[in-house]
């Protein structure tokens, strides 16, 4: 079985982003999706700290610390890009103007509940940032994650046990071994890596999965 | 008795506007206050259709119909002025950033209730514009009006009978014969034209007026 | 390549359906998309709900929609004015419904729609007949009225210049309701005096980012980009 | 003549009182008014409530306020980060209270304060522990949480340029919270890289009109205007 590494997964997510889409890529692995978007198509990347039309990382000599993404990495702006304040930026998000948001997750439920901001550890200092706004704002929320934790527990679950980021907000989950649609009807497998079977996925997740 | 005409009244209101004030002048007579503001002082006129730093009327050859005030008259913009959209404009107003608003009125109550948008006539087509926002937004609302209607009824009243624009929002009323402070403690006379007396004012208004 | 520029006013409004709700920018003539409104009249959609500051004056713009009897309802702050005879006649005849909204609440409700808020407590109108029947609440000693967002199927907006991604800049007080309506409608259609190359608008000074704009049409034949 | 330009950072913050609430612009270092914060530390005000996206990282800015133990409460979206050790230590020691707010709700609540709204129904956070104990409501089939405005005594903001009336323009994503915080505080104090003549800023491109600004101070000695 050929598990997808992060690059392969990012490339796979990129394939589902159509030309003309307004897209927010979350901090971490989702940021890598940008590397695989077709250069000859107009896809509009938003960064919630006030930038639309985000371009690739700058050359080291062009780094400008007043031109960063939400992960505080230096970026560039494309011709046709624009700057705006946080009020307008989150209006874009909350108002449903962003087509696709790609996020990481600790857990996703089969109905699309998302947990990606807090481990629930009692001594953790919580930090939420824009996670909850991104989760409920975009028209489609894609999650990128490994299917299993390091200790082998499924992160696709019947019901999240970690503190929630948003309810019923995720529409698709891209994992290293399969891709799932989630929602009111539960989870459906829409793609598997070579060598993976539905039965194996059921065994790994403990869920009654069906193919879409 | 020397009743103040509209120009004299506008000049009198202008004297109470300090340098540095952010001011909105309502449609009609209040607009004339601008003519009496000292030219050597910075007083900031806002027009709720999206202009701060409004200047005087243009020369006829300089009229630009995309540079008008809320009364749809051509105006100019001073160096240091700015344009903004209606959301920001009414945030200025509703958020308490305007120091003084000068409005006309049908009636003002001794407690500062304002009626200036609707005569209450059953067949009237109502139109409110920004009146209700101006009434409750500015820190101080000044009203300019004749004390009496053409038929001799006082427009300063115990309780408004016309439909209200805002509750307890007016702080000062400038009339052709006297100036009143109004508020929780009722109406107090702070100035009278020469020849006017407190007793005459009481008789004209039917109110138990006191001097401030 | 994404190109939001369409060739004609007619094409820009071709999919307007009967019963649509339409936000229309403008305060007086400043910022009023008169040519787009003409195109709507020619296109034929009727039974419309118009959301705008006014209900039309004179013979063009919203007044022409009124004259053509295409409007079922108006949501506005200032319908009655010197030359609003077409609205006045329809209203007195009971042919058009009026929802009168204080101008700042109109702006705030449009903004709430654009920003995805469910409702807002606003102080404007409290204690007046325009708040009758509405939920109110005292918060920190001040009284507020609960007002709901105003969404629309379309926004018709006038701006000064646009690029093919739909980024907009405006001119003077013609800006007025344009930026907030562009954010609140499902489909935003903009008429502009000038179409510029992508990148010609300074990213610091774009007022409406292209994300809020669906179609752009030049007021006169403009160079293709 | 109104001149909002003050001569020094120290003068700009001279009246900051103990117990003040202070909005501080910035996302990461971009837009963070580090020099004004230094001036607050030198000025001595304590028992402060800080409203900002972060709770400080490294040794400067909000982190320096934390280290100096001047902060009673933080209202922010993202306190914990790689170098937030000063906040972390104070928080774990119970010396600083934290109100954690989703970033978009933080922005919306600041905007509500600036715009004079009494409260807003926002969808963000519904069903999560950050909405626990808060009023919720279903509106048109969607769930919302009632959130209240965040006001402040002071806003400390960084901008690119200002004139003597306090009109501001920003630079790139350093804009972030600056414009909305300037609208929400009783007293807004701005540090700028450049002071320009009145009229030098294009009225079309001013981001923050001077009405929202009380004091401006240049980051280096700037020409008097």
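In this document, chain identifiers A, B, C and D correspond to the written order of the chains, with residue numbering beginning at 1 in each.
The rule is simple: contacts are C-beta pairs under 8 Å (C-beta built on N, C-alpha and C of every residue); 3 or more make two chains touch, one makes a residue touch a chain.
The model shown is predicted, which means the values in this text are computed figures rather than measured ones.
Q: Note the shortest touch-path length, in steps, from subunit C to subunit D.
A: Minimum step count, subunit C to subunit D: 1.
Q: Looking at the contacts, which chains touch subunit A and subunit D alike?
A: Touches both subunit A and subunit D: C.
Q: Centre-to-centre on C-alpha atoms, which chain is most distant from subunit A?
A: Here the answer is chain B, farthest from subunit A.
Q: B-D versus B-C: which has more C-beta pairs touching?
A: B-C is joined by more C-beta pairs in contact.
Q: Can you work out the whole-Å distance between the CA centroids of subunit B and subunit C?
A: 29
Q: Can you give the whole-Å distance between the Cα centres of subunit A and subunit B?
A: Chain centroid spacing, subunit A to subunit B, equals 54 Å.
Q: Need the CA-centroid distance for the pair subunit A / subunit C, whole Å please.
A: 34
Q: In subunit C, which residues are in touch with two or more of the other chains?
A: Only 108, 111, 115-117, 122-123, 170-172, 204 qualify.
Q: Could you list which residues of subunit A touch at least two other chains?
A: Each of 77, 83-84, 87, 90, 93-94, 137 in subunit A touches at least two other chains.
Q: Report the topology of the inter-chain touch graph, choosing from line, ring, star, complete and other.
A: The chain contacts form none of line, ring, star or complete graph.
Q: Check the chains against each other and report every pair that touches.
A: So the chains that touch one another pair up as A-C, A-D, B-C, B-D, C-D.
Q: Once bound in the complex, which stretches of subunit D touch subunit C?
A: Counting only subunit D, the residues touching subunit C are 108, 112, 115-123, 137, 139-140, 142, 144, 148, 169-172, 202, 204-205.
Q: Going by the contact rule set out above, which residues of subunit A touch subunit D in the complex?
A: Listed in rising order, the residues of subunit A that touch subunit D are 47-51, 64-68, 70, 72, 77, 83-87, 89-90, 93-94, 118, 124-133, 136-137, 163-167.
Q: Taking the complex as given, what residues does subunit C use to touch subunit B?
A: Residue positions touching the partner: 27-31, 77-81, 84, 87-88, 91-92, 98, 100-108, 110-111, 122-130, 143, 170-180, 207.
Q: Please name which positions on subunit C make contact with subunit A in the complex.
A: Touch residues, subunit C against subunit A: 1-2, 111, 113-117, 163-165, 167, 183-184, 198-199, 201, 203-204, 206, 209-212.
Q: Residues of subunit A touching subunit C in their complex?
A: 19-20, 22, 41-42, 44, 46, 52-53, 77, 79-84, 87-88, 90-98, 137
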